[in-house]
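Both complexes below contain subunit A, partnered by subunit B and then by subunit C.
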Partner chain A sequence: MSGPVGKATPYIDGVQKATGQAMYTDDFRYPNMLYVGLLRSSYAHAKIKNIDIKAVEADPAVAAVAIGKDIPVSFGVLPISPDENAMAVDKVRYVGEIVAAVAAESIEAAQKAVQGIKVKYEPIREFLNPADSLETCAPDEQIHDHTKNGKNIHKTAELRFNDPEKEFESADFVRKEKFKFAGVTHAFTEPHSTIAIWNGDETLTVISATQVPHYLHKNLSKVLGLPIHKIQVKKPTLGGGFGGKSDPFAHEMITAYLSMKTKRPVKCTFSREEVFITNHGRHPTDIDMTVSCDKKGNITALDTDVIIDGGAYGSFGVVTSYYNGVLLQGPYKIDKFGFRTRRTYTNKPQCGAMRGHGAVNPRYAVEIVLDMLAHDLKIDPCDLRMKNFLPENTLTVGQLRITSNGVKECLETVRKKSDWDERYNKLPYGHGRGVACGFFISGSALPIIWNRYPQTVVHAKLDFDGRIVMFSGASDIGQGSDTMLVQIAAEELGIPMDFVQVEAADTKTTPVDLGSYSSRVTFMVGNAAKMAVEKVRKEMAKAIAKEKGIAIDSIKFNDGKIFTKDETLDLSWVEGVEIAMAGRGAFVESGFYISPKLGGDFKGSGAGLSPAYSFGAFISEVVVDPETGEVNVEKIWAAHDCGKALNPLAVEGQIEGSIHMGLGQALSEDMRYVKGQIMNANFFDYRIPYSVDTPEMDVTIIESNDGEGPYGAKEAGEGPIHPVLPSIGNAIFDAVGVRMCELPITPDKIFTKIKELK
Partner chain B sequence: MGNYYHPSSIKEALRLAANNSGNYMYFSGGTDLQIYRKQGLENSETIIDLNAIEATERILVKNASLQMSAFTFLEEISLSKDIQLHFPLLAQAAKSVATPVIRKTATIGGNILVNNRCTFYNQSKEWRQAVGSCMRDVGDICQVTGGKNKCYSRNVSDTAPALIALNASVVVHNQEGEEEIPLKDLYSPDGIIFHQHLDKDAILKKINIPEKPKTWWFKKLRLRKTLDFTSLTLAAVVDNKDIVRICINGMSMSPILIEESFHSLSIENLLKQARKNCKTVDNDLMPMKYRKEMMNVFLKQWWSTVYSN
Partner chain C sequence: MDKVELNVNGFSHTVLVDSSETILDTLRNRLYLTGTKKCCDEGTCGSCTVHLDGKPVLGCLTPTMRCVGKKIVTIEGISAGEDLHPVQKHLVKNLGLQCGFCTPGVVMTAVPYLENNPDPSIDEIKNSLSGNLCRCTGYKKINEAIQSAAEEMNS
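Right, the complex of A and B next:
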């Protein structure tokens, strides 16, 4: 490759963001714009007896008022559980659920006005922890009518192959351990924000901070009863998502409705507290994990029972339920394998998808249990893992198709770079090393909403100015997908990156992409973009070959020139463009990506299917103060197999970001609730590690060159978070001899365990 | 709409205070006040910004004593070579507050007078209403203990325990003029009215430390290495007359001072006094039980440092 692919490339929007010029949703202003104020429930579970909006309707600053009954059509990101409403209709299911909304002339007027709405509630029994939700209750106590057997269980996902439980009865070594994980949230910088504009031609434009314009587009149509061709969803610059902006949201429906009602532009931007209340973060989780192995350290079976606390609504919960189990099929070969996940509804803000979706907590559990088994067998934990890795080009027991696999190289790399063999189990008391591996999908092979279309389409347009414009529905949420599009076009056409521009994430002008979730964009959109610009190149070569009377195959595109090796052809890019466009003008070529048919034919076989998987291995070094239980992560060595780093700068950033985010969940972040209310709904009390808490990072990119990825690329945005947490947990054991099975691992928990040990 | 004043002298600030009959708030660094206003915990219509008041002698170290303006920024204190040399305890305490950016605008006076905190009180208005307001707000019970008699909000100043251990006094200016009082007397063991000898209109003007101690010790318990308010701060000195002054904060409604002769103090007695005087409840994100255990750990660590020498 002679172009920018594979070279460290600063993001094309980096300067705009750093100088404050980038336009985020809240930066947009429109004439006569109204502002939304939201009234939220102060009850966790209650029937709505009456809503009195009379006083507010009379307020001259208020242009419109809306309540649940105005837009009662349910929605949700998964078509199998559309259990949400824009505003509570007959009852509220968590403290902070939206009950009513106003559109007013100013933010202050809107916030003041909603306080004038009077709601009468009749409290119902609250379900604040999953254990209660697993029990049978009275029909009118159920959080949702549709749950079965009088229980508040949203979904039970269960798969079992080759009777793992039987293996445990006779296995040489078996370890069973209980784990508990607090909920954590995405903590993106930009709060949720939406602007809706009812246009003169009776169409609706929605500008929103969303990872997935396409699903928002479809759900807006459903809820508002507006034909889908009359809705345009645009995602401007976005300040972080991590999964937290991938659902269609209630405030987006409300803002759009109020714009339709008032025929004026309407804006809604959340406070930080509202962002926390909206949550959709990682589920609080209880895991029973059992793993067995033989005397040589070969893993013989794994079974796990998982309970996840879903909160009041479904979100991605059905997928999360499966991911908690199916993504334990790698990176180790386990033929006797099973899991059951039960997702409960509770009267708390809903949980959903978050970086490393569904697999972070069970990964922690299994990597800790493997460490325990290594100790039982007196085998080095790296050696135990090395023995058990899946090979390349294989199928797992549940028929996940593994293609490229660089996990061995990952582990060998961090082991060598960290001088593991000389350090592990040899450091003084209080100092420790831990290892863990990771495995994640590189894009979900199945769409959320079944259809016959490709998963993504990219258009590449060439015009007289020599500019290539890449049209893609993909959402750059800070991960650099716009930059990737430019890199690929520049690479394929041999032109400088400044000849390429991007139009992205606008459902009116860009072809459909399913969105920025499940680490799918580089793999799927990258392939589609490559196909589109390859076609442009071919079209140009065809025209030039015809005009110059030379063979198409002899024409090269490189370094801003179009030439043949023997120099009979030597054109500048712009000269080549002129020839290509003669007699036809500007043209557009399309590329697309369709995932190959994958998976078995059993129920649940679709979960976890991906055209490729990423792998990783991390080693952490910690210092624990045995007198206080305080832990300091000193250094993390990370190796991640992303297939091929199209932009090594971006991949390193993703790995470093994953370390920071994983560190937070491991040691300090915790959605703390009291009486169903989040107690730390701000960046002061929700304790994200600061720069001074963040360890030194040694990052290595492993390139296994996947046969189906664009230039060999796989994902790097989510996979690297998985090994972070358990490598820290295992290092704490090496340091002070205590097994930390409850996250976050705060000093009080370590202190108590050390005391118990003594 | 409210009023925002920028007086250029303490006299003018006091006059503005008198004119606004209680419905005002002084603003110095403002790093805490802005959050209180956003959460609806502070709703005064008038803000009197004290930043235009010229402070003389921001930091003056003379004959091993210190005079310092209450308007001195925490960053100036932590970076002052004089303070680092003669009163490293104070430099370290100042450096332990908040983050570098906040320390550029937060003042020592503000940190000395920082409002007491509680996980059930320092919340938004909607949050407090939904959970049921507490007695410090508009309710009548303590949400932490369920009791009706006492509010246990915590004093969370990090510089106050350091200054109290250093035997500091403060100069307070009110309508009657200036008054110098020992800093330890400024605090009252009450979660609602946590300051005494301090009229609402009084302005904290100066801080004086009489002498450089013989030895010092400081430690702060928090989850992250920056930003967090204290879960437990312990500052200790042995002065030139061999008096031990240990001040514990973050555990009770006011800083807890233990003052004893170096020669007669025993560790058992020290732990007992600390246990007895700290009215600790579960109103911090770190569990109460752990904070109490850490108080013992910190005291023992101080003890072994000082008495092993």
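Right, the complex of A and C next:
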């Protein structure tokens, strides 16, 4: 490749971000704009007996008031579980749920006015613990009417192949272990923010901090009863998502409704506390993990039983339930395999998709259990893993199609670079090394909302000025997808990147894309972009060949020039554009991506299907102070197989960011509730690693070059988080001999375990 | 409401402010200088860092009334025209930013730090940024960018 693909490429919007010019949602303001104030429930589970808005309606600063009954149409990201309302209709299901809203002339007036709304509640039995939600309860105690058998179970996902239970009875080595994981949240830096503008032509424009303009677009139409062609959703610069901005949100519906009602622009921006209350983070999880192997260390069976605490609403929960199981089918070959996940409703803020969706906690469990088995067998944990890796081009037991697979190279790399064989199990007491691997999808092969369209479409426009504009619905959420679009166009047309510009994430001007989640953007949007620009190149070559009387195939595009090898043609880019425009003017070419048909013929076979999978292996070194139980992660060696790294700088950034986020969940992050009230909705008490907490990182990109990815690319946004947590857990065992099966691994837990050991 | 005169990025502004208002809200809402970001609004993340008489302060914890008669510099006042400050230049070049929301605060923390500490080690840089929350980068590329900026400023 002679262009920017594969080269370290700073972001195209980097200067705007570094100078404060980049516009995030809350940075926009419109004439005559109103501000939203939200009244939130102080009860975890209660019937709403009465809402009195009279006093507030009379407030001269208030332009409009809204309550649940004004827009009672339910919504949700998954069409199979649309169980949310913009505001609570008949009852509230968690502390902090939105009950009413006002639009007022200033933020202060809105916040003050909304407190004047009087709500009468009648408390109902609260379900704060998933164990209670698994039991039968009285019908009027159920959190949602639609759950079965009088229980508060949202979803049971279960698959089983080749009777793993039977294998456990006769296996040489079996390990069964219980794990417990606290809920964690995305904690992106930009709080949720939305602006809705009711336009004079009776259309609605919504500017929102969203990872998925498309789902917001569809759900706005449903809730507001507004035809979908009259709604425009735009994502401006976005301050981080990590899955936490991928659902359509209640405040987005409310803001849009208030704009329609008042015919004025309306803005709603959350406080940090509201961001924590909104959550949608990783589910608190209980896992029973059983794995067996033979005397040689070949894994013979795996079965796991998982309970995830979903909170009050569905969100991505059905998908999360499946991902807790199906993504254990790699990177190891396991033919006797099973799982059951039960997702419970509880009276807490809902959980949803977060980086590494559904697979992070079971990955921790299985990698710890494999470490235990390696000790039982007295073989090196790296050797045990090497024995069991899936090969390339194979099917897993549940018929996930594995194509490129660089996991062996990942493990060999970190093993060598970290000098594992000389250090593991040989460091002094208190110092330890641990290894773990990872496996993740590179885009979900099935769309959430079934349709016959491609997964994504990209338009490339060429105009007289020589500029290529890439129109894509893909959402750049900081991962650099806009930069990727420019790199691909510049690569294919042999032009400098500054000839290429991007129009993205606007449902009026950009072709529909399903959004930035499930690590799909590089693979799917990258392929579509490449196809679109290839077509532009062909159209240009066709016109030039005709005018110059030369063969189309002889024409090359490189270095800002259009030429033939024999130099009979030697045009600048702009000269070539002039010829291509003659008699037709500006034109647009379209590229698309459709996932191949994948998967087995059984219920649940669609879960975890992806056109490609990423792999990884990490080694962590920790120092544990046995006197205090404090853990310091000193260094992490990371190797991740992302296929081809289109932008190695961005891939490294994703791996390093994953280490940060994995470290936080492993050691300190914990959504703590008392009686359904979140106790640590701020960065003092919800402890995220800061610069001083961050280990030294040695990052290696492994390029397995996937046959179907654009230039061979797969994903790097989510896969690299999986090995982080268990490599730390296993290193703690190597350091002080205790198995940490409850996250976060806080000093008190280690200290207690060390004391028990003595 | 009080009528006050504020000197921001070398320009004088007369504005009406609430006595309890923070300089973060005054900058964003009254002067429409939105480069300074509101992330936590309680002094935990460093995103709203601005300079008051050359020293970095948290905009969300600084009453506007305390800024009267002092020189306020925001992210908009850092680059001279099109020339990026070396800190900005290396954050861009080294991808010491992803979503970019914490970046103005990182720049406003690092610039005065390097003025007073021209040759810091990576550990010293880490310490100097211990109040700036970044959720994207894992800090490595930020630290390295600031070290490169220091090298450029020293050469």
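One rule holds for everything that comes next: the second predicted complex is superposed on the first by the 758 of 758 C-alpha atoms of A that agree within 3 Å, B and C clash if a C-alpha of one lies under 4 Å from a C-alpha of the other, contacts with A are read in each partner's own complex, and residues count from 1 in each chain.
Just so it is clear, a contact is a pair of C-beta atoms (placed from the backbone, for glycine too) under 8 Å apart; a residue touches a chain by one contact, two chains touch by 3 or more.
Not measured: the values here are computed from a predicted model.
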item	value
Partner chain(s) touched by A:23 [first = subunit B, second = subunit C, both, neither]	second
Which of subunit B and subunit C A:675 touches, first, second, both or neither	first
Partner chain in contact with A:189 - subunit B first, subunit C second, else both or neither	second
Residue contacts with subunit A in the superposition, subunit B compared against subunit C	C
Touched partner set for A:709, first subunit B, second subunit C, both or neither	neither
First, second, both or neither for A:95, with subunit B first and subunit C second	first
Touching partner for A:690 - first (subunit B), second (subunit C), both, neither	both
Doubly contacted residues of subunit A, that is, touched by subunit B and again by subunit C	684, 690, 692
Subunit B residues touching subunit A - in the complex, by the definition given at the top	35, 99, 119-120, 123-124, 126-127, 129-131, 221, 223-228, 285-287, 289-290, 293-294, 297, 301
Of all residues in subunit A, those that touch subunit C in their complex	8, 10-11, 13-24, 26-27, 29, 186-191, 237-240, 242, 271-272, 477-480, 649-650, 652-653, 656-661, 682-684, 688, 690-692, 694, 697
Complex contact set, residues of subunit C against subunit A	32-42, 44-45, 47, 74-76, 78-79, 84, 88-89, 91-95, 97-104, 107, 125-127, 129-143
Footprint of subunit B on subunit A - complex, ascending	40, 42-43, 95, 273, 627-629, 667-668, 672, 674-675, 677, 679-681, 684-685, 687, 689-690, 692-693, 746-748, 751-752
